[in-house]
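For reference, the structures are reproduced in the following blocks.
Consider the two complexes below, in which chain A is the common component and chain B and chain C are the respective partners.
This part shows the complex of A and B:
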């Protein structure tokens, strides 16, 4: 018969054995890096710390209550490990490159070495893991009580001690044990070979124990088939109806997240990994281990339900079945197996959490409040770290104990574990984003984790106190202030899912949405960008050999001072000597290169976390040095300058184009100016010609010798005519100038164009007769009204007719005048059989002072006639053009819109 | 009767005034009214001087001057350029082409007579 005393004594002895194992394992691992302790087998076994007492006891209970659901807890990790290439290898590689010490460190490092994020993750991990630790306490307590409660004799010295006292004792013992185990020294890589050795040993023990019980059950039950048959006959069977529902999916997802994000799993899988290739073995060996662990769970559960008295706690079947059959050694083995499961979890979990707490919460505080340099006491930071970790371990186990204390009346083990899983799963989206999504930002990750955590507290953590607190029960029942849609287990009216799926669904959904949206909306800092590239492209680059600092005034001495405080003198000296050897100088002469400072930062990060290491080295190096962030800031500023100069360039391009436009305008003005000069010159010429005659004849008349009266009369008349010509010229210039400005000295009103044409012909009749020019009357339009001025229109026709007369030197000169109405226009054509206008002059003839070169016997005009005519017609909304002549000479066409015509 | 001066001018009233003042000063004067006729007239009449307007129909005075200076037989005849455009450019062009004098319209009758007299080196036939 087992007694509680005996069992406890055995447990203590077992722990002693573990300690010895760990101690020698540590030594051996240090002495020989090729020891079997560095083998993939030990690595795989240590990963099986995943299988806690929850597995050992709880899975049987879970199987008895919910059938195959317990399998999902193994299926998730199996998926992750079988697909290790996809996720774990990446995680391990990055963590090695960046000297990652914990999940908080990973996220902090990825998201710009943000310590705030690390603190958030640490806090959530500590709170989220508390139920899990409570679960272990509860399992061990229950197992001891199961032994004790089996008989009067079993009580032993436990008589009078309740489960709380027992749990407290266990928690205290565990704290002591973990402190002895895990905080003997601070390692750069946070690797604990001794502990891992002990954990591996425990893994073997718990597997052996569970297999032993399983084989025993099969043996007693007469084989697997009879067990299930008998159970079926007795109407006992594991419920299966809900096996593959939402809960099944939920636990699968949660366990996938848990195997990656649980602090202890991260510790053993990633941090304690000494060789990436070990993952290859673990990829199949760990699933195999879990398969073995779960092999007999269903038979044990079914058999227990069949043979054990009604009301027995199914969680304890693995222990109570052998006891029921009086198999004390087997029962003891089972107890030790369960105890192993619990202790290995507690030890590793609290080590992992204490690293997070000390690195991310305590160290930054110390760094902040110490003035620049770490405390100069002999042990330095190393000592401080150990103290911090010990305190953390006590804190963490206390939290676990308090959770146990408040929820001790809740009965099953599995749900407690799932509460922790849900909390830890809040890190999973951020971890995935950290590894795969370049644009995931610090704000996104922080907000996502915080939001997920809040939902978890509300929907999962809080309701777990339902059975012990009436207030919480009320809250769960009716929601806060009676707001139904805020009920923790039916958030936003979603009440069809079971509480676990409900909490997981809402927390993870909001988590993922927040991560995505906030990341997309926010901008990464420079350091975040660099880190995200290092993480996401970890396999694309070579080993990340970036110097995180540029060369500065920090001497090797300054750096050594810091390194010594954190790493201890020996390791620091070794580090500096190696670096000096590599570049072939005396260690005293070592010039800290950026690469070396980067390496040192990573080494320090191994002890105190990326953020703290960065801050610490920044303090030393930043004397006159520039940190990477500042470099990036400088780069950003440079970028801004570049952008600014690009803007300037753009502006100057605009200026150039403006200048070009100005130049064009100027050219145009000059062109106009030269046109004006040309015009003035033309005017000057046209004015000077009559002026010359007038002046010359005036002078002749002033000196009247040798002039008879006839001559005098002639000269005076010439002067008079030239004066008139001058006046006419000036009138024309003024007229044209006004017309060109768009002015009009007349009102456009409906006039009979045909009448104007007829009048022009009459005026020119004398001239025509003088030149003996025949007028050929073509078809005529008859009375046609156009908008214009009769006199001005007549002026145009006279100009055209007189031109035809003046420039026509044909022997039989003919003038042909036709008019018609075409498409709403009144069209007049005045054609002659003269020499016509050469091609080269056709475009010029409407210009000012342009006179035909041929046959101009009468050159009295200034060459303004056509220019004026064209302007006049334009002011009447018509056109004046030169068109091919039916008579071979020139032909001018006037086209004016007919009044009232469409 | 030898011709002293050939006038090439297209404006009838100006031509009339020039003809009058130069005759009154004692020279024999002949005239053409377009650019094309100048060269032929110089060849035929052998004037002692050509009074050449720049703005001639058919062929500009500068063109005519160029032709005169290009012809071995006529190159020596003095040419007095007459133009309404008193600009520097015209004066320079005329000098480059070998003009011997330059008179700007509107001119003082005495200036024309003086310029001609300077070139011909006498005081005029009759006077």
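This part shows the complex of A and C:
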């Protein structure tokens, strides 16, 4: 038979053992960084601090009361660890890079090193965790009473002490123990290897105890089947069928948030992590640990319901079942297991919370009032931090105790824990946003957490006092001042949900909406932008750290003072000596570089949090030449320079294309020039031929002898014809140059274009007949008036028709003439079935001195016809183009605006 | 069903790049298997070996997640993304 005295003595002895373990663990870890304590196994076991007495006692009670719901508390974390690559790896990497010490530090660091946010997170965590600590106190108290209550003998020295007194004693002992344990010194990275060793040991103890009880129950019950069958026969079976409603999803979501955001989980998973690769093992090993923990919970609950007397507390089945069967050693093991799970939780939770309180609330206050004057003894801040942490631990346990004191009448353990989970889950949206959403802003995160917290207080925290306070009961029943839609468990008239789901739904929904909307509406500060990039792109950029102090004017001496205050003289000196050795100078001559100041800030952040470290160094590095804002301005200017250079590049591209065009034009010019030369020689030749004949004939005529009148007559007429030809050539040249210079002008007046075309065809009739060319008459427009000069227009048509005749060498030559009125324009097309114009010449044929190279049977023209025609048509505001011919040869299109057609 | 699973395992074992995607799929599908409506499919008043079917189902999914994660984590290449290169040299 166990007695309370014996059990308490065992518990004290067990705590003593833990203390010894922690002490030697610390020594060993310090002496050897590759020791067993840095292994993934110990890391995984330390994470299992997640399984508290809520698991050990509460899950059995929960299973007995509401079936499988207890499983969600372990399935949620399983999912987080199965997906460790996506969330936990990121958290661990960022926290290593930024020397993060707590969840509050993480959020504050991400959102511009804001201390206000850190204070908010810390306060909410401390208040939110109070029910959770109360749960542990209640579990330990109940377990001691379960042992003591079984007999008069069992009470021992506890006789006359009620549960409040017992709980107070436990809380006080825990506070003392945690202070001795966790606040012996301030560590660089807030890692507590000794504590972790003790926690890992406790994890093994509680697993062994619960498995022991489970195997014993299965053995006594005669196997799983008889246990479940007997329960079914008695009608007391745990209600497994109705578990999958809104509560199932809610508790799953809450447990996902809790495994990341609970201060102690953040501490062991992220801060105490010494090697990122440990997550690889923890990813499957921690879910496996939880599976083993949960394996026998349902059998224990079902068996307890069948054999234990009606009215016994199902939360205590794991302890009372072995006692019922008189198995004292097993009962003692179960008690130690439950005690282990409670102590490990309380120790780590209060250490984690005390770090947050001291770093984010007490340190900033001290910094504000000490006005930057380092105290005489170098250990000042270090010592102050330790005192602050001890006070915080006492405060945190007191809050837990008071919560226990006020709600001691409610029975079950699990609902209390879920109240804490809902509070802690309010950090989860902000944490996700911090890691994945670049635009999440400080104001958004602060407003979201505050809004979620307010809803939690109203919907979850307040109603938990319903059983002790009639006022609260009234409030829950009717709402404040009778306003029904403000009732804490039916906010905005939503009364279909279970109270927990209701609180979780409203608080998280409002939290997420606030975070999104406020972040979208507000602007990030410069520091926030830098930090958000560091966090979101942690895997993208090389982990090169940018110090936020740029060109500091701080002397090494000033910095050393600051470092000494926080880190202690020895570590500060070591830090400075290492830095000096790295750049190869004497430590006295060390010039603090921005990189060094950045490193120092991170080291300080490891002890006092990012926000405090930043403030502290800002005081010393105040006279810095370049402030952060200026830095951002410089970045903006750089951006502008980049934009300017992009503009330059664009301009230079334009220049390149212009140069290309010029080059093309130049090529064309050269070609024209060469054609002109060719043409000039042609003209010279053309001019020379008649001149030669004129000269020779006139020389013959000068010598009158030997020629008769008939010959004379012939010679004179030849001279006449040659001079006419010469004149015509010169006329053409003059005509074109006059047209181009705009000298030869005529008045445009309405003329009948169709008549001009008809006249041209008549003029060319003889030419066509001579070449035996068939004229194909296409559709004609009929009488159409255009602005122009009838003779000139006729000249253009004649030129086009005679060209078609001249260059056509087809056996059955065809000329096709069509005219029409299209879209207010008179359009004439003159097409032939000749060889057409080669691609290379198409751009040139309208130029002066240009002549078709192929197909011309006689090269008598001067190559000016088309150039003149185009000039003429242009003066009539029309166009002359070469278009694809329907007959396969060339086709010229004349387009002239019709008079009065708009 | 089993052969499809084997084929999947084989594909992932020969294509290391797909392991991270496989991990995401494992997490997402694991979550889907644990919430209504899928969970309701197995929530029948049947017992195997005296244990309600739904309890066996949940523990089997759980075990599957553990084994899947162990296998994927073991074969995953060492993660070097974002680590500083040659920082020691400076």
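FYI, the second predicted complex is superposed on the first by the 617 of 902 C-alpha atoms of A that agree within 3 Å, B and C clash if a C-alpha of one lies under 4 Å from a C-alpha of the other, contacts with A are read in each partner's own complex, and residues count from 1 in each chain.
The rule is short, and it goes like this: a contact is a pair of C-beta atoms (placed from the backbone, for glycine too) under 8 Å apart; a residue touches a chain by one contact, two chains touch by 3 or more.
Bear in mind the structure is a predicted one, so any value in this text is a computation, not a measurement.
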Which superposed partner A:708 touches (first chain B, second chain C, both, neither): neither
A:772 touches, of chain B and chain C: first, second, both or neither? neither
Which superposed partner A:586 touches (first chain B, second chain C, both, neither): neither
Touch count on chain A, higher of chain B and chain C: C
Contacts of A:747 with chain B and chain C, given as first, second, both or neither: neither
Touching partner for A:252 - first (chain B), second (chain C), both, neither: second
First (chain B), second (chain C), both or neither touched by A:81: second
Partner chain(s) touched by A:228 [first = chain B, second = chain C, both, neither]: second
Footprint overlap on chain A, comparing chain B with chain C: none
Of chain A, residues touching chain C in the complex: 68, 71, 75, 78-79, 81-86, 89, 93, 223-229, 240-241, 244, 248-249, 252, 276-277, 280-281, 283-284, 287-288, 291, 295, 298, 538-544, 582
Chain A-facing residues of chain C, complex: 20, 23-24, 26-27, 30-31, 34-36, 39-40, 43, 45, 47, 49-52, 54-55, 58-59, 62-63, 65-70, 73-74, 76, 78-79, 81-85, 87, 90
In the complex with chain A, residue positions of chain B that touch it: 10-11, 13-14, 16-18, 20-21, 24, 55, 57-58, 84-85, 87, 105-110
Chain A - residues contacting chain B, complex: 681, 684-685, 688-697, 699-700, 703, 706, 718, 721-722, 853, 856, 859
